[in-house]
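Shared between the two complexes below is subunit A, which has subunit B as its partner in the first and subunit C in the second.
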Partner chain A sequence: MVLKVFFPQCCNRADSGLLVGRWLPGRDTAVVLAVIHYPFIPSTVKQYLQQIQGQSQVPVEVLGSWSMPSEKQEGLDSFLRDLSTIFPQTRWLQVSREMGQTGFSCQLLQLPPEKEEEEEDRVIFVHYDQRKVMLSQLHPLESPALPGCEEPSELRQMFWTVAHSEPLFLKDKYDEGPLKLSHWQSEGREASILVELMKLASTPLCLLLAWLLAAWSWVTSTRLLNLSPLRFLSSKLSSCVQLSYRTAHMKTVTSPHTATSHTHFMRKANVLVSLLLDVSLGLLFISWLYREERLARLASALLPAADRVSRELEDLLQWLMGAPAGLKMNRALDQVLGRFFLYHIHLWISYLRLLAPFLEVILWYGGLSAALGLTFALSLLSDMLALLTFHIYCFYVYGARLYCMKLYGLCSLWRLFRGRKWNVLRQRVDSCCYDLDQLFIGTLLFTILLFLLPTTALYYLVFTMLRLMVVALQGVLHLSVDLINSFPLFALSLRVFTPYRLAEGVKFRVLSDEPGTALHLLMEMNALGLGEVVQTYRTPTYSCYPPDSWGALLRKLFVGELVYPWKHKTTKTD
Partner chain B sequence: MGPDIAPGPAVPWRKVLWERQPFPDNYVDERFLEELRRNEGIRQYRYWAVVKEAVLVGQQLSCVAIFITLWLYMEQGLLSPEALLWTSLIVGLLGYGLHNALRPQLGSDRKPRTHLADLQSAAIFLSFTFGFSPVLKTLTESVSTDTVYAMSALMLLAHLVSFPYAHPSPTGSLSLNAALFASVCLASRLPGALHTFAMLSCALLMFALWPCLLQSIRDHAPGPSAWLCVGVCLGGVGGLGSRWPGGAVLLALALVSVILLCPLLLVKLQRHKDNIQGPWDEAEIHEDLCKVPY
Partner chain C sequence: MDNEKYTDINGKAIALNYQRHSSFCTEFTVSSPKVSIGKVMVATCFVWIFAYAVFFFTDNTAVLSSAIIITLIGMMLYIHFVKIDHESLLVIGSLGIQLSSSYASGREHTSFIEMSKIKDIVINEAIYMHQIIYYLCILLRDPADTSAVSSVVPLFQSSKPRLNCLVKVYKSCQEIISKC
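Let's look at the complex of A and B:
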């Protein structure tokens, strides 16, 4: 039989006394939590342990005795042995330290004592750091299943026991009382007065913010703002989407309920830290932007840039209307398409001229939004980019629709060409007997579409490339916004500065393995990997759901379906 | 060798599996090859009958040749589109009259098409062709001439390969479409939109309507229809000879080999046919499933 004893490091040099802890149910494992020193009154000890049990839900009991050699106490062994009769237990541990030895010696008394000393017990002492084990959270996080529903692992039980017996550790070394305990001592509470004050102050602040948020969500849910064009517009503008996300985040942070579970607490802390980071970055950005007339320069540079883009597009269209790259295209269709797009650019330029006087004002007020956070400024930038490149989007949509229709028509006409048709009910291609006029018109259209396809495809290709450039820019902006929104900065800093807080299993180191004495192991925490930290604690946002894979994107581009920068898969419908 | 395996002369072997017999499973007796049958259901072809059918193939070949001839005339400006249109109209009307005259005697159980439906179809053909002819005219402008010729040749070949020679009346989709595709390609190289229109109408007449008429003539009078086919063949050779003598010689050679040589080969080689059938063949259900009462 192998007996495992988890022994706190802080009790190594404690005075003699009683071992307090818990036998893990169903296993030969004891978790020692504290040592109660002499002298004590047994009934007080029992009463105290019952009180602790009531507070912490951990079945704390007396495990055995602990003897530390000192000058005063000789012949203590018989007394210790007698103690077991005072605290009736089925198993009684007798741990003692010798003067010159590093290891402990241990005896297990089985009560009733018929089996006593009959078989050789091997004892393994596992020394653990009580503070670290108490504070750490074992990963992977288990789902909150009902206790007893499934037997948790030994290590998990041990962690649970230590973490939940916090009331035991609250008793101070300097407290005057009938009992003297030895366990992990906190550094004292005086240092955390500031924290306490902040805790006190946070409650009314949270209430105030929650009230403001409730008012804001009431405003956004009024019927006037939920009319169909406004709703559609706000779902397309990334700044509005960012606003709704930020509102949800603020609601999480300012909810008046204290976080009970570890996950909930981490979520709140992460959101709060990323919020603070975002706002401070935004303030930095404002302080940069509004100095040295940068805004005016930006506004005056923006319009010529847009003009220049339009002129480049015109050149591109002229090139396409000739014989681009030596390709021979259908001249008539080429001319029609080219003129159509040229007219569009003309419209666009006049629109920009109309917009020019207001641009600086718009930029000035837009820049103020960075006070809400850098993410707002970035989202607004993305929206402005989308608005300024609207003509490219239009070209792309026209080209894609035309191309898509052509491809679709060619597909079905090719089936007609072979005398087949698509059977919708059976989802397959069937043979079909067409009429003479159907065949004739179908073939005529097929020929026309086939010969016109290269021209359309070229226009589609060019405009898709332009569109993809804009989409890539917007994607970078969205990615950075999303990074700030969802990055678990708090968890990561916790992992960096106090690695034991987020543990992923433990490792053991052999302290001493002398023959004849018990084996001594030192338990150390394995810190959670950084990638795991990010994966576990990132705040879920829309881009956690992956956008189209590259293959799907290519297929969409080939077929001529419209491609958007970021498909919101979980759009909030109501 | 158990006693139940030893072949007793008293027990005759029977070809049944549901009875336990003192023979191994793969046992057969000497009567096995008596059930062998050779060339069951063979039809003895006679030379002239085969030639009469083969004329149909030659006729289709000549049709393609005639179409190419007409295109050559149009392209070189020797034939005005108006003349072709008027000729097509007259020939079409005559053919329609003949088709209508032949139809009642067929006595088919299908409901015949009304004149209104025919008129509708004709209107659709003409309006679509006429409306699209300017588009078709510029369709292959930027494509090189060789590409167009190669594509047309390929499509005409596909038309000839996939043509349903046994029953030309419901023209096969692929053959008709291939022929129309080729004619659109060729017509788009002609100098004017009216040329294109005339050429497409002619193609419609030749590839879509002529097989229908020929089928009804064949059903009604098999003898004269063969001579009609021979006439078409001669016309094709003569027409092609007027613009391209080398092509005409090639066409004549092809026609002779298809109409005269291939049937000869078939009849000659029929002696060597040796098909065996017997009890080892898989079962055939002879009953017509449509007649099973249910």
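Let's look at the complex of A and C:
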């Protein structure tokens, strides 16, 4: 049997007295929480411990005695033994320090006394920093362990005990009273006045915000805004999506219930900090944008850029209508497709001309949205990009549809070619007898489609490339928005500035190895890795769901299905 | 302390220190040889000769300065993240086992496994590249089924000592674990 005693570092030099703490159930492990100094009245001690037990739900009891050597004490040993009869326990620890020795010596008295054993060597003293253990949170997070149930992990029980006996630590060292305790105590009561004031102010603020949010969600849930075209549009516009996310975040932060569990608290704090960061970044962005007429220059530069893109597209189409890269295309189809797209570009340019006078105003008001946060500005930018490259999207859709239909026709005609057909009812390919006319027409159509395929495939390829460029740009914007939304800045700064708060586990250091005395270990917190902090505490958003794999994307591109930047979100809702 | 010579699986000399803090607490430290100055010089020479060759053909001085920066950063990353000087195993009876590895730059990585999670310590065989090696590993208990093993934690992963060293560590560990 090895006896383990968790001993707080702050009690190392405490005056003699009684050890107060807890035996972990079913183990030979004692957690010392505090030392009660002489002189005391036993009944007061019992009463006080009962009161603490009622407050903290930790079964605090008297573990034994602690004696610190000093000049005036003699005949203490017999007194210490007598103490064990005053506080009836099954096990009684006697810890003492000697003059000039660093180690402690420990005796365990088993009651009833016939089982008494004294093993100097088989005691481990684990010194722990009471404050750090009390404040730290062990990872991986588990459901809160109750002291009574079968919780296998000893360390978790020990952490639970220390964390929940906070009422014990509230008693001040300098308080005048019947009992004198020695334990860790907070040093910053004066400084916490500010915190208290903020706590007081936060309640009405939260109520006000919650009321505003309720009004806002009432507005968004009205029937007028839920008509099908508006709803479809808002689900595709990333700024609307961002707005709904922000509303959900604000609801979490301003919920009137105080966060009780650690995860809930961290979630709230992370959301609040990322909100503040977002808004401050947005204000910085505004202060940059609205100075030195940057906005006007931007607006005036935007239109020539769009013009230039259209001109480049026209050149590209002209090139495609000839013999691109020496490929010989079907001339008639090539001309038809090329003219169709050219006409489309023409339409597009006239649309831009119509828009030109209002562009600066739109940008000016759009830029104001950054006051709500940089993420809003970014998602608005993504939306504007989508609107300004609408022609590229249209080309892509036409090309993809044409290509897709052609492939589809080729597939079914290839089956006809081999005397088979697709049975819709049984979802399989059956053999089928075609008559001569059907076979003739089918084969003819197959040949025509096959020879026209390269021309459409070329147009499809070129416009897919263009579309992919736009999608990649939008994807980068979405990713950065997502990063700001979900980055656990609070948890990360907690990890950096107070590494013991988020502990992965503990580590031990051997303090003394004098032969003959008990083994002394120092317990330190092992901080959680930065990567794991981010993984554990990031706010869940849609990027956490697995996006399309590259293989699936390539398959879609080959078959001619449409790709969207918001694809992974719709797969989530499906 | 004993003066037996130990080698790792590649035949390089390593040192095994063990310190008995108490009858149920022992610390084993396996130290691999330090970074040799010859190796560092060879590596830097290669990078610089290559950079000089590129500079000779391109006449661009940026190549030389980037070679210097690459060597410096590479060396820093190497001693901070790759090169492990000591690996130690602290076995404390009835409390648990602590594994720690200290890197050449002084960074330490420590993890502690509680005794209630440990099922056993065994020496295992593994196929490594083209050879079969022995390694020491901790078997972790499955919380749902006490007789099953949920996962395996290999020890001395970077130094990879040979069997005679492993047997020595194994025997002391078993002695402590069986006692408590």
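Quick notes
Assume the second predicted complex is superposed on the first by the 541 of 574 C-alpha atoms of A that agree within 3 Å, B and C clash if a C-alpha of one lies under 4 Å from a C-alpha of the other, contacts with A are read in each partner's own complex, and residues count from 1 in each chain.
In the analysis below, a contact is a pair of C-beta atoms (placed from the backbone, for glycine too) under 8 Å apart; a residue touches a chain by one contact, two chains touch by 3 or more.
All values derive from a computational prediction rather than experimental measurement.
Of the two partner chains placed by the overlay, neither subunit B nor subunit C lies in contact with A:Met469. Of the two partner chains, subunit B is the only one touched by A:Phe440; subunit C is not. Of the two partner chains, subunit B is the only one that A:Ile448 touches; subunit C does not reach it.
By the document's definition of touching, of the two partners only subunit C reaches A:Ser153; subunit B does not. After overlaying the two complexes on the shared chain, residue contacts for A:Ile124 are found with subunit C alone; subunit B is out of touch. Those residues of subunit B that touch subunit A in the shared complex are 121, 124-125, 128-129, 132, 135-136, 138-143, 170-174, 176-177, 180-181, 184-185, 204, 208. Against subunit B, in their complex, subunit A makes its touches with residues 328-332, 416-419, 433-437, 439-444, 446-448, 451-452.
The touching residues of subunit A, counted against subunit C in their complex, run 2, 4, 28, 121-122, 124, 126, 152-155, 504-508, 510, 513, 519, 521, 526.
Contacts from subunit C toward subunit A in the complex involve residues 19, 21-25, 27, 90, 92-95, 98, 100, 110-112, 114, 116-117, 143, 180.
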